[in-house]
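Just below is one structure, and these are the notes that go with it.
As written, the chain order gives the labels A, B, C, D and E, with residue 1 at the start of each chain.
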Amino acid sequence: MTPVLEIKNVTKNFGGVRAIDDFSVKIEPGKIHGLIGPNGAGKTTIFNNITGILTPCNGTIIFDEKEITGKKPHEIAQYGIGRTFQNIRLFSNLSVLQNVILACSMDAQYNLIDAFIRSPRYRRMEKQISEKAMSLLESVGLDGNCDEIASKLPYGHQRKLEIARAIALNPKLILLDEPAAGMNADESAELVGFILEIKERHEFTVLMIEHHMDVVTNLCDYVTVLNFGKTIASGTPAEVKKNEHVIEAYLGGAEGC
Amino acid sequence: MFLQQLVNGISVGGIYALIASGYALIYSLLGFSNWAHGEVAMLGAYVALLFTASLQLPFIAAAIIGIGGAAIISFLNERLAYRRIRENKAPTMFLMIAAMGLSIVFQNGSMLLFGAKFQKFPPIMPVSSISIGSVHVGVLDLLTLAVAAVALIVLEIVITKTKFGLGIRAIASNTATAGLLGINTNKMFALVFAIAGALAGMAGVLLGLKYNVYPTMGNIGLKAFIASVFGGLGSVRGAIVGAIVIGVTEVMVSGYLSSGLRDLITFALLIIILLIKPSGLMGVSVEEKA
Amino acid sequence: MLKINNLHAAYGGIKALKGVSLEVNEGEVVAVLGSNGAGKSTLLNCISSVVKPTEGSIEFLGNLVPKHDYDVVGTGLVHVPEGRQIFTHLTVRDNLLVGAYLRNDPKGIKEDLDRVHKLFPRLKERENQYGGHLSGGEQQMLAISRGIMARPKLMLLDEPSLGLAPIIVNQIFEIIKEINKAGTAIMIVEQNAFKALSICDRAYILNVGLIEKTGTREEILCDDSLSKAYLGE
Amino acid sequence: MFSDYTQGIMIIACINMIAVLGISVLTGFTRLFSFGNAGFMSIGAYTSALLTAKMGMPFIPAILVGILFAGIAAYLLGSLTLKLKGDYFLITTLGFGEMVRVLFNYIPITGGARGLSGIPKYTTLPIAVICLVLAVIIAWTLIHSKYGRNFTAIREQEIAAESVGIDITRSKKMAFVFSAMFAGWAGALYAHNLMFLSPMMFNLAKSAELTITVVIGGLGSLTGSIFGSLVVTLLPEIFRSLANYRMFLYGLAVVLIIILRPAGLFGYREFSIRKSIAFVKAAPGTITALLKGKSSKDKMEARK
Amino acid sequence: KQEKQAADDTIRIGYVSALSGDTALWGQAGLNGMIMTAEKINAAGGVLGKQIEVIGLDGRGDPMDSVNAYNKLIDEYKVVAVVGTNFSSCNIPIAAVSDVKKVPVIATAASNDLVTVDEKGKLHPYSFRLCFIDSFQGGKMAEYMLDKGVKTAAILTNIGDSYSVGVSEYTIAAFKAGGGTIVAAEEANSGDNDFRAQLSKIAKSKPEVLFIPWIYNDVSLISKQARELGLKCQFVGFDGWDSMELPTLAEGALEGAVFCSRPGFSTPEAKAYGVEYQAKFNIGLEAECLYGNDGILWLAQVIEEAGSYDPEAIRAGLENTTFFDGLLGEMENDPLTHNPKRELAIFTIKGADEVFVEMYN
């Protein structure tokens, strides 16, 4: 099967710091792929390179058989990669519903003239977008909060809203940066169910960064472990958890948190 | 001729620099352009003038009072206007708009109080210029440059080397957390505004000596604004370098090309430099990390 | 040393705390647990005068806590806030020095700097990097270290393990224990209840603005209903 | 029906509103600042005036060409400078405005500082009102289409906006060109109202006034901008006979509004009948609350 | 609007100029001058037995604002004539409006030719003025210097000011036409206060005289900076220099400079007026005060002669004025151009005084 995303020998330097060092990985379609590693290993940097916020110093990134290295963030989003952020980045002063609607601009295939004359096409698409946004909110369980201001939501809800916003792109691939951060065990468990469910419903591939090992174990089909920007291990969660290097560099004595 | 023009340019730049340094200081703290800064300089000049002309105080004493007055006015701006806006948690642009409002108030207020006339300090210098070869150098220009240089050095040291400076930078980066860590933000704001005001006052008195005192003399603050953007916002060193660069450019364009196109060319240069260095000559930008 | 009596707080119309009373004694580690939105961060913000309570009193070392947040650190109480709140435009080193802003003992500051560098070697490596350019976990380390730099008598930690790798999480709790041993009382808010309970002496469970349960570590651990809710099984 | 004076004021109010609507889209919705829109106004004004006065072109095509030129200038400038951030972008617009002014002062065809006269009087009250209505409709539809949403997304969170597929450079450019075209439109009307142009009419103070108006009206509210521009046009009118106190009071009013109404007169809200009834009902309460809040704050400060 | 209706025993005369903003100094001065003179007229029994009421409105020096003020004076205050402004840029649009409003307006210091005659050469029937026009004084001053044997001259123009641009244009043209050489034509802009770049260049071209068509405030800076740079030529000025304070402001830098102005500049009457003015308003006299004074006096004379204060009658009276003697000096109105015919007086600066040299025509 051709991978959805293939990263080939990517390197990224910040001044003297080599954050990613000749990193390669293939993400199989339909899978949930975990990316773990110590703090500062370069995980978020990889996300930023994939999504075009950063440009790799070296190497190529291929998505859906197209090379996307060095493309602009919005282009990459349009190709079908959605993401969430480690430090939540919502449109904070806008309502929950507006947050999702803003992410649907690609569905609005009308032009300025349509907008000015309120053409049937314009009406139809605007209607579709509202409906889509509502149903997305429904699927993440935020339909009851659609008029609330995003920044006033509890933390966990903000994370879900970010995910909903990413799904609004109809992505083939979703990148989740620590979705379970700040959640307790119960909430994490709920998140696992939630991600599985929406993944089934919307049929995308997931690449996620996570430090909660129970979430990783329960969710990921495959895990890549990163340290100092290099892969130190990969395999199923069970496999990597047993890997000595991983235990030494990442997990420490006690497994799972 | 070229040498003379260079001297002219540097001395024009010196005046811009003196205002720009206080301007940059406030920007470095609050991240907003204090458009009323030039007007504070103007008020400082009027205070000094009042004390020499009406009360017959010796010039130095009056100048010190003028500088103090400007510091107090600047402090009051912070206390009565900007602080309230900060407490409202309004975006920084509101501070900028308020500053514009204040500059209108000060300009027209001083017109009401002092009249729009040009007013003159009594002559304080026996000679106004000295000649080195065929080049004429203004004594006041030398003084201005010296004051600007001292201001630069002192501010640089204070901001980068002292605890006070660390506090300023911390507040600039994240006011709420700075408070949480024990930095008395209100006191710091007050102090910084007073210092910037004193710098403005100094500039005002020197400006007044050179170009007379009148209500719109603060308009030169616009040049200071441009200089500090040019040099990199928030960087005192950048502001001063930017000021000199602008002064020299203006004079050179006037001297060798056309005064009519002076501003056109200066601004074109500014835009070009910003396109090459998007945060000015010496500004640093910490890009947001996603 | 910290005594909170009938504390109420609200954001606009929303009541976040509805009468919380609790205590922290000299040398103790106290955990505050609770689900998302329970009001934990609000509680800490009230203690450090970031949020003004609508009712109730907070005493620290026998005095009411000062009205302004910037006066609080001086009393020996430091708050490591939720979400790291790094000074993004300051270098790592300057971030740490701001932590010691009110101190005037260069020698002690130097010692503490060495101490946090030993605790988090990564911070030493990144000493001259802008805080904003650190990775999420590195920022968290910096935030905790910055708190240590104030040499507080009581440290309020808001979700210190957030975003940290498991190995670091373990280390962090070790470090918290160490700090505590060195004489600093700790009040810790955590989602990782299991870890928090492993180091605390006592714990409070907060539920929508009210203390639902309190007790020693053992008592809480033994309570089935609680372990189900907060520890996952 | 209206005296010439009243008509004059109404025409100016309409013209100002058109220019302010442009800034409203730019600053209120996209959070980009421009201190160069007086420059775009002057481009619209001079272009259309030269066409009608010197070449005898009819009014409407002349306006359109004026708008077009302003838009092209903004497009070219924006292509270069829109990647700059905050005050750095601001200063390039300021610089641009000044450059245009200097240029119009310099090239002979505009008459330089001595001004351009002999422009036909085409702008009448009905025309100004029709233009305003048209401008409001255009701005309104733009803001309530996906384009406007994209602007808002950029205002709130640039990085997130990109990550959901919004081309922020293009959107910013669009907002910028749009605001310039509105400025050009206003300029064209202005020229044919006053029948005279001189470069100094389009100075930095004029640009600043447009931005002040939008902030006073409330960032992110079109109705706020319209209302704000009424306030800013009428305030000096009310103060006119106060002669020398006029600008002083105007400046003071600006500062006080910013301090006392931190979200502008309208905030993010748009005017709606339903809400305004609720507001009027709640007003006595709000005012007392405000007074109380203020007095308790004063007390607090007194204690210190 | 009821209270704004003039009472039957008063005649309302309007005044528009910059009463606020950075040029308010002159606008205020003009208004003060008008008010002081109106009070004197009223004390002496008024005009046609009626009291004169002066209504001053602010136009900020902004053309649109000034047009509004002119309209407001007519529509709301029912004035019979308007004095002002001192800016050509304001008076050109006002002139166009006056064609329609049919209420005479007397510009004070607006010197652009287009204030009274439009670009097609058509007269604005209701627009008048008190000052010299640019072409007149520019041309005359150039001729005067040529007469004195001057061969080379430099000029520094304020390209942001239509007065300066206009005067310069005619000075240069006339100077060249008379066989002189302009060795340097430099420019600066309103609001500038450092002219050394231009002056250094001028110094290098070694002119015999430097024409400085600027307002006196700037003239003081320009002359001082020129002397600092070692520029030794004679300075020549125009009626923008018209201020008793100029010699003091320039601190000796203008010693020996010559300038042209209205003949009434240093007459005993004008000086006495200055003393009275200083006493009343506690501020020094500006030329603009005399313009205000002459504006209202001229109107009073015309109204008395016509026996009517109907705007149309006033217009006709102004147009056909063959003799009016105000503080600015004697004048006659040219009915074809509405420009005053008056003589040009030359003054020189000696110490702190401005000394009359000769009349030049």
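As a convention for this text, contacts are C-beta pairs under 8 Å (C-beta built on N, C-alpha and C of every residue); 3 or more make two chains touch, one makes a residue touch a chain.
Given the structure is predicted, the values throughout are model-derived calculations rather than measurements.
Shared contact partners of subunit B and subunit E, listed by label: D. Each step here moves to a touching chain, and the least such steps from subunit C to subunit E number 2.
Chain pair with the larger contact count among A-D and B-D is B-D, by C-beta pairs in contact. Ranking every chain by how far its Cα centroid lies from the centroid of subunit B, the top place goes to A. Subunit A and subunit E have centres, each the mean of its CA atoms, that are 73 Å apart. Chain centres here are Cα averages; for subunit A and subunit C they lie 30 Å apart.
Taking the mean of the C-alpha atoms as each chain's centre, subunit D and subunit E sit 35 Å apart. Each of residues 20-21, 24, 28, 159 in subunit E touches at least two other chains. Under the contact definition stated at the top, the residues of subunit A that touch 2 or more other chains are 44, 51, 53, 85-86, 89.
Shown for subunit C are the residues in touch with two or more other chains, namely 133. By the touch criterion given at the top, residues 14, 17, 36-41, 43-45, 86-87, 154-157, 178, 181-189, 211, 213-214, 249-257 of subunit A touch subunit C in their complex. Residue ranges on subunit B touching subunit E, taken from their complex, read 1, 4-5, 8-9, 11-12, 15, 107-108, 111, 115-118, 120, 123, 128-129, 131, 136, 138, 210-212, 214-217, 219-220, 250-255, 258-260, 262-263. By the touch criterion given at the top, residues 35-37, 83, 122, 126, 129, 133-138, 140-141, 159, 161-171, 191-195, 229-232 of subunit C touch subunit A in their complex.
In the complex of the two chains, the subunit E residues touching subunit D come out as 19-21, 24, 28, 31, 56-58, 60, 62-65, 67-69, 71-72, 74-76, 88-89, 92-93, 96-97, 100-101, 112, 114, 118-120, 158-162, 164-166, 190. Against subunit B, in their complex, subunit E makes its touches with residues 20-25, 28, 159, 186-189, 191, 193-194, 196-198, 200-201, 204, 217, 220-221, 224, 228-230, 245, 248-249, 251, 283-284.
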